[in-house]
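Right, I'll just put the structure down here and ask away after.
Chain IDs A, B, C, D, E and F follow the sequence of writing; residue 1 opens each chain.
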Amino acid sequence: MNNLGIVKRNIVRADRAAVDRLSKFGIATIHEAMGRVGLMKPYMRPIYTGAHVCGTAVTVLLHPGDNWMMHVAAEQLQEGDVVVAAVTADCTDGFFGDLLATSFRARGARGLIIDAGVRDVKDLTEMRFPVFSKAISAKGTIKATLGSVNIPVVCAGAVINPGDVVIGDDDGVVVVPAHLAAQVADAAQAREDNETAKRRRLAAGELGLDMYSMRDALAKAGLKYVD
Amino acid sequence: MNNLGIVKRNIVRADRAAVDRLSKFGIATIHEAMGRVGLMKPYMRPIYTGAHVCGTAVTVLLHPGDNWMMHVAAEQLQEGDVVVAAVTADCTDGFFGDLLATSFRARGARGLIIDAGVRDVKDLTEMRFPVFSKAISAKGTIKATLGSVNIPVVCAGAVINPGDVVIGDDDGVVVVPAHLAAQVADAAQAREDNETAKRRRLAAGELGLDMYSMRDALAKAGLKYVD
Amino acid sequence: MNNLGIVKRNIVRADRAAVDRLSKFGIATIHEAMGRVGLMKPYMRPIYTGAHVCGTAVTVLLHPGDNWMMHVAAEQLQEGDVVVAAVTADCTDGFFGDLLATSFRARGARGLIIDAGVRDVKDLTEMRFPVFSKAISAKGTIKATLGSVNIPVVCAGAVINPGDVVIGDDDGVVVVPAHLAAQVADAAQAREDNETAKRRRLAAGELGLDMYSMRDALAKAGLKYVD
Amino acid sequence: MNNLGIVKRNIVRADRAAVDRLSKFGIATIHEAMGRVGLMKPYMRPIYTGAHVCGTAVTVLLHPGDNWMMHVAAEQLQEGDVVVAAVTADCTDGFFGDLLATSFRARGARGLIIDAGVRDVKDLTEMRFPVFSKAISAKGTIKATLGSVNIPVVCAGAVINPGDVVIGDDDGVVVVPAHLAAQVADAAQAREDNETAKRRRLAAGELGLDMYSMRDALAKAGLKYVD
Amino acid sequence: MNNLGIVKRNIVRADRAAVDRLSKFGIATIHEAMGRVGLMKPYMRPIYTGAHVCGTAVTVLLHPGDNWMMHVAAEQLQEGDVVVAAVTADCTDGFFGDLLATSFRARGARGLIIDAGVRDVKDLTEMRFPVFSKAISAKGTIKATLGSVNIPVVCAGAVINPGDVVIGDDDGVVVVPAHLAAQVADAAQAREDNETAKRRRLAAGELGLDMYSMRDALAKAGLKYVD
Amino acid sequence: MNNLGIVKRNIVRADRAAVDRLSKFGIATIHEAMGRVGLMKPYMRPIYTGAHVCGTAVTVLLHPGDNWMMHVAAEQLQEGDVVVAAVTADCTDGFFGDLLATSFRARGARGLIIDAGVRDVKDLTEMRFPVFSKAISAKGTIKATLGSVNIPVVCAGAVINPGDVVIGDDDGVVVVPAHLAAQVADAAQAREDNETAKRRRLAAGELGLDMYSMRDALAKAGLKYVD
């Protein structure tokens, strides 16, 4: 009735060129370019400052305290993928450490996004293996219950379909649906071009009030200046 | 009836010399010097290790998901100010990023204290623009509702009046009322002078029990040593 | 009726050689070697990245907002000890700063584990004095109520007896009962030896599915591969 | 590019008869019948003890602090619907009170599931209008930003498509995909039939250890009884 | 330098008639009547369903784990007062129980608002003594440190001056500045009169879309209806 | 090396008469009678108002998402016991529902204290089976991993040994070591006798300031009355 115990082998990954273009933008820019949607909850944090990842999602659905499916996911990885792991209930256990990172990297993965905990963060940092997680915990897991690989999942409040683009940086994590990747990259580029000019004007002391022509709207809304 | 939609242009800033003196102390020392009051809640954290700010407050009251008033605040900034932003309800959205930081700095601001989220933290870190916030979130905001500038606000549990001194370091954020700035700087200096001598004695192995003459009080309170 | 107001002077510390051996392992490895027990809650975090501590516990039970017993604990320290501080109710106040760190270090302490807040983190970081805490807060404490030193305490969800080994690293904090120290060090070493070989095979692209012979168990549990 | 600003008028609602059958089961039973999936996060709580709702979802996507789309949703309601409201960022504001409840009920709604706050809970309780929410807050909202109605949403960690069955009781909230409604009702009935017999045996003092034949598996796993 | 250790005896209480009028409105109505300000954080909850309080504030500033000032406050109470207690740092201890409630009531108090914990909630409920708090905890407190009575405090995110009106109901707690009490009562009455008519129309099935004439604004904002 | 996979059959239960005497006191009184220790964290709440339990602890250590040991514990129950369940990592899953409650009650249990979630709360409430838990969640658990029964556990921050007395009421949960049961009951009785007289005096309007002779100490501490 549900799709637990399923591994989907053939998934449609977002266009590689679009993924590469998206990798150059910050996630704040990308999320704005999509119309302010697609963000994971802000509790998702990089395990080291400066961590950055951009790739196509291989999704995993885990159960609390059980990382069996991580090994199943490893086999489905291709060069340029990012593992996106969701759990069926809140759990901070450490589902992932340096051994799995070694395996994932050997199979082509660029990083991990997990709505749970990870461990061996010192090793992961030395490996420069980018991980975005909800928690850091040394607590190990067992291998007893089936989950699934490459089904749609909800991770940290966002829906991810296998093949979608996931991008993580110091601001958090954003998801771009695979079929929108090129379009979003275009919009992000346009936005960034626009911001460069604005940045220069603001740096010169021009006010946003004038640059964005806000004074009339503010007055109309009733803003009062007093001394 | 209330003071929403108000911008106060003329505010009395704390004495510049006192602000400069306060900038040399840690906030733990300053808060003790005031009698253990004036701290913001400990969830206020610097966006990068080592961030430090000390200046006079320009206050902003925002609504959830709306950063319109930030642009209004920019115009009220003077050299040496720090923007202190409160929100009328809990919100982790990213109200502030590198464009606003560029503008604020160009207008003289030394940093931002915000009881909400910010984004572009990698850029802000490279700019060394000190920000103390409740959250990091790429989620953007709109510009639709009036708040106010330079009214008294409650930010992270502390009351701030425009012109007060706000100091942020790795331990958090403290507020010193403008009229007490010089007095608190004196008390902080006295406290620090006193601590230097204590530090030397403790480093030499002397016990706090003896240095602070605690043994009698402990015995009187009933402390028992057993083997 | 209870053991408040007690200082136990003679405690049995874990064997020094075993402590030294344990100091070489990550806490994830140690906790696995003990059968996945002994961890403190994951909210316990180092105040600076890379902080590491391993030593024998001198325990302290404090009351909210009162650090009097820290000074009593200082006198009980021996070379190689780590102070483990619990509080009778949740509290984020800053019970510890650079003066106490100076004193603790002068008396032989290697670090502090505290289920509460600390302050002066910039100084503590410069001193490289490892602290693992629940919070960072500039809020000072008073010295008015008796607690105890070297009684069994519950710290961040774990029971610690005086003399136990406590180890903290970037993954959190683990406690090893004193009488098990050597045995756990052996088990941790065995585990680590085993992992080195595994790491090499995984790095070469071998799958955990094959290395751990998981395919049969997965099939038996009903895992289905679809295209 | 995204589906903000969209109202879908024609949605396929789950079969009424299946919905009625599902309304007789507790959500714990339903979630087990689906294979332990479909639950919202446990922070979703009824505003009064004993609140119960079962109906077909009309979904709404809101922005923080803005309940404009609630009025748009009201027009799309049919007899037997339940409004399921998600917000694009965490927010505890009170998006809903007794006026909207009056309107929703007049248009056929059976209740509300909202991943945010509500107010007028005394009135809502007197009306016996079942609401399951993350928070209770008197904080009002504005009407300024477009969201959407009847698009797929993520609410409290669960994906809901318009027309799906949502059931709330004292244990929380579960979602049953529309096309599975009848099948899940069958499975829930089978489960409940089975439990009645078990309950009788357990009430008579029989142990689960024997009733479920667990003793062998426990012994095999290594369970040891000591005196 | 600060106002710790101060008891202000003569405070200006809000006009009694205005307080009585305010006591008839829900706090959602009052907060809207003030322009959507004045609310405490939504974590402030009544200890029993249906608790309601409205009166003039006698404020208390406490230290974590210390309720000494509660007894000092008792002497300052007059008929119709409500005690509003803030703490200098987050604390969930039980600062208040049935003995203090007995004393407060005997001195004229109508209830308690406290940004901390209380205990004896069964007794308090039987007494129908309304309390709004952050937590329930049996943990007792000591009497060792001075705070203050009748100074301005920040309680659960709101500023309260002694004499202000505080109103608590199932939706939370709101504060009305003393000098605005009559004006806010008028505005609340106007708002409530207006809502009665609206409620009738909505109950008859009229849509908010039409009653509030929202359709044009929605269309202008770009709302699209699809099938 | 550790005690996972252990069931201890013979435990020393607290004296029945002392347990019965303790059942008459509120937990705030009991915790004070012990010297303000023994409380579980305040997040432990009764699933229905007025729930009360007092009995001897049969302890269970569970793993996240796995309630296998609950069935093992059932066999160890005797008339007058209370099950106290700890989990090796934070988890809100529903480990317990009406079937287990039926079994536990049939074997003599008076209630359950669990540092995790439970479900079927409507049924449990109708059965008047007292449960104190951290969460309510419909999420079911599996039966795959060994824990232990009747070993010392840490539950919600408190240490419980099998046979200890646990008492829960609307204020939370307290633990009384088995060997102290009679002594604590005496102290609680003395305390309660003392409170009855105090209550009468306070109800007559006498101030705590006078009844407890606090005025001198307050003046000495520097309290100032101003007008």
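Brief remarks follow.
To be clear about the criterion, a residue touches a chain if its C-beta (ideal position, glycine included) is under 8 Å from a C-beta of that chain, and two chains touch if they have at least 3 such contacts.
Everything numeric here is computed off the predicted structure, so don't read it as measured data.
Counted as hops between touching chains, the shortest connection from chain E to chain F is 1. Under the contact definition stated at the top, the chains bordering both chain B and chain F are A, C, D, E.
By residue number, more than half of the contact pairs of E-F reappear in one of the listed pairs C-E, A-F or A-B, namely A-B.
Averaged Cα coordinates give chain C a centre that lies 41 Å from the centre of chain D.
Distance between chain C and chain F, defined via averaged C-alpha coordinates, is recorded as 27 Å.
Shown for chain E are the residues that touch two or more other chains, namely 36, 39, 42, 88-90, 92, 137, 139, 145. Contact annotation for chain pairs lists A-B, A-C, A-D, A-F, B-C, B-D, B-E, C-E, C-F, D-E, D-F, E-F, with touch applied as defined.
Those residues of chain E whose C-beta lies close enough to touch chain C in the complex are 63-66, 88-93, 137, 139, 142, 144-145.
Every residue of chain C that touches chain B in the complex is listed here, in rising order: 5-10, 48, 68, 70-72, 74-75, 92, 94, 97-100, 102-103, 105-107, 117, 119-123, 125, 135-140, 143, 145-146.
Residues 1-2, 4, 33-39, 41-42, 88-90, 152, 154, 157-159, 180, 183-184, 187 of chain A are the ones that touch chain D when the two sit in their complex. Residues 26-28, 31-32, 36, 39, 42, 45, 49-50, 169-172, 174, 195, 198-199, 202-209, 212, 214, 218, 221-227 of chain F are the ones that touch chain E when the two sit in their complex.
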